[in-house]
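To keep things clear, I will list the structure first and then write my remarks on it.
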Amino acid sequence: MKKYIVEFIGTFFFVLTIVCVVNSANVGMFAPLAIGSALMIMVYAGGHISGGHYNPAVTIAAIMRGAASAADAPGYILSQILGAIAAAVVGASLLDSGTLLGGGDAIPNMAAGITAEVLGTFALVWVVLQTATTKSTSGNSYYGLAIGFTVVVMAYALGGFGTGGCFNPAIAIGAAFNGLASWGTAITALVADIVGGVLAAIAFKAVYSGD
Amino acid sequence: MKKYIVEFIGTFFFVLTIVCVVNSANVGMFAPLAIGSALMIMVYAGGHISGGHYNPAVTIAAIMRGAASAADAPGYILSQILGAIAAAVVGASLLDSGTLLGGGDAIPNMAAGITAEVLGTFALVWVVLQTATTKSTSGNSYYGLAIGFTVVVMAYALGGFGTGGCFNPAIAIGAAFNGLASWGTAITALVADIVGGVLAAIAFKAVYSGD
Amino acid sequence: MKKYIVEFIGTFFFVLTIVCVVNSANVGMFAPLAIGSALMIMVYAGGHISGGHYNPAVTIAAIMRGAASAADAPGYILSQILGAIAAAVVGASLLDSGTLLGGGDAIPNMAAGITAEVLGTFALVWVVLQTATTKSTSGNSYYGLAIGFTVVVMAYALGGFGTGGCFNPAIAIGAAFNGLASWGTAITALVADIVGGVLAAIAFKAVYSGD
Amino acid sequence: MKKYIVEFIGTFFFVLTIVCVVNSANVGMFAPLAIGSALMIMVYAGGHISGGHYNPAVTIAAIMRGAASAADAPGYILSQILGAIAAAVVGASLLDSGTLLGGGDAIPNMAAGITAEVLGTFALVWVVLQTATTKSTSGNSYYGLAIGFTVVVMAYALGGFGTGGCFNPAIAIGAAFNGLASWGTAITALVADIVGGVLAAIAFKAVYSGD
């Protein structure tokens, strides 16, 4: 139960940051820096209790790699989705709008968007598995920096296509719940993110033999 | 006494950075990056002596969690407030203005502002307690990065409502003393910040059992 | 073989980030931050398997310094070049353009550009050898931050001359393959980068005697 | 001799970054981020050999604190000044201008500038002594991040007054040699920086008793 509370709190602040900065004209291109840093701080805060996933694609990949228990999957993923939905609701209340950004206008280039989701989530899960689950990097102080800044980097590089760069099914669901994206777009991103995460877990297992 | 000097110096430079960058048109949206980084450097500089609080909400939460002594509270909080006031005075002298920003115009959305103060301070104290006071993260090198960048993130996400994003009673008092905020706004922020910090300490104690 | 896969994946995401952010008007001067951070995350992800070179100039210098085996050189360098070419192709497909940036317009000041490539690559290799290959810094958590941010710094300082700031022969080749730079420009950068890296290895050996 | 080469190389790249980004209209307010990061990477690269001072005010304070030998002072300071001058010359050649920025126009508010130099150098030396010279923080991985980002923070907060924010006598001399500042301005900054550094060393000795 403690792990689930940590996953809920971390995902809540991660998605709240996304909702607030994406809707702020002032923040502009500082948004990816703020969003990735939000993941970084919550990974450092919760890593020692829940592993600091905040992302169903990470949870699935961590189970494939043997770094998390399959029995925890439902609790983790539900906590992440509830955290994202709560953040969408609180964010909408703060921003004083029924729906955010006027109801989910699709960004063009959906085909490129699917590729971008797969690639960005691949990179994120690759970095998570390499820096936070291996014996040879155990005890390091950089894992949160590496993981958070993967989102900074991928949001700058791959955030301008199709689905806007979720790299995380919980973010896709939160965005759909709130009206930031249509359900079709959100489900497309969600599936692409899981595919990217699974591919990264397979690639990780192909190159790592340190246990 | 040594701890109090460290708290004074750290809070002084933290608040001096706030006063100077908020009043600089050139700095613009780099201000949250500078402000959170100012906290980061002072946490790293003073952490080994005073714990590097620089924030009465952190001091109160650290006492609730058993990571600081209640007997130190008056000295810590007084040092923090004096550091913030000194920074407001020195900043005003550098900027050559009797009052800063023309006497405390309120930002709209005070209700949202209170929520933002509670949430932002919750996040800050949550990260402080998790990264700087637990046995399972002891000896890490990332605590200052995590703590400082929580302010970076929260200032980008939650700095545009009501009180402008203090997340720290000492900042609220320094701002009021100087004319950057009205006393009513400052006291509102101050109370909300203490509420957020206390809630984070309760949440921390609910999930952590590592000692 | 595992090392080569890691070098391919890391160079792929590093160069994909470059291709995408350099071609994005929105990203603007955040591009150096994104590019250097891309190197940082991949150095942290792959360092424990391949050393995280992603750069033939680094591989050559690491061999000169005795931190990598000469027998690995062909595999490393080929993986890096293939990763860069793959990123150029995928990036072009995402951006929906046959060639990127209209076919390699030269930036003026080619003489300054050669100096900038030599200096920037010198700095990069100097930081790599000092932070990632010495006994006295062994086990540190900052090597990826230092290496990645050397590219951030050098791209801000030295990215506006001649070849645009490659500091890495694999980047030069990827750019040429894609049309981002002419082959003449790319080969000029490539040679200057190797010269800078070799000079840094010589300088390192002159000052380090810690093994 | 090895220490002096490291001090020369580090100061060279630190000041070269300053000269190039301050003269680039494109870099704009990213300049403090690039400049402080340049110090960070060189502190990490050279810390294990020379201590990574790159700043006569740091060298003087380190000697006062007992963290460096007085016999090293002339060699360190000469290397730092020569590195700064070399960077000014190379920077001018890259930028293709006899003098940089048209010969040292003074920024207004020289009185505020002196205060800013004292305060900024105090903060920098305070962070250096606390994070890089104490037993209780020995072996940490954050010292370069803390030191480099002190310059990031102080340049954003205190870089707009009088002398432009040197916080380092070697930078002041390099700027004067090159025409970026007048000799009068440079010597004013130089003296203020030494005063700030000495005050920080005194404050450090008042609060630290960990050896």
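Note that the chains are named A, B, C and D in the order they appear, and that numbering of residues resets to 1 at the start of each chain.
The rule we apply is simple: a residue touches a chain if its C-beta (ideal position, glycine included) is under 8 Å from a C-beta of that chain, and two chains touch if they have at least 3 such contacts.
Bear in mind that the values here come from a model prediction, so they are computed numbers and not experimental data.
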Looking at Cα centroids only, farthest away from chain D lies chain A
Interface of copies chain B and chain D: same or different residues on the two sides (over or under half shared)? different
For the pair chain B and chain C, the C-alpha centroid-to-centroid distance in angstrom is 39
Per the C-alpha centroid definition, the whole-Å distance linking chain A and chain C comes out as 28
Residue numbers in chain C touching two or more further chains are 33, 141-142, 145
Interface with chain A, chain C side, in the complex: residues 2, 5-6, 9, 13, 16-17, 20-21, 24, 26-28, 30-31, 33-34, 37-38, 40-42, 44-46, 48-49, 90, 93-96, 141-142, 144-145
Interface with chain A, chain B side, in the complex: residues 29, 32-33, 109, 112, 115-116, 119, 123, 126-127, 130-131, 134, 136-137, 140-143, 145-146, 149-150, 152-153, 156-158, 160-161, 203, 206-210
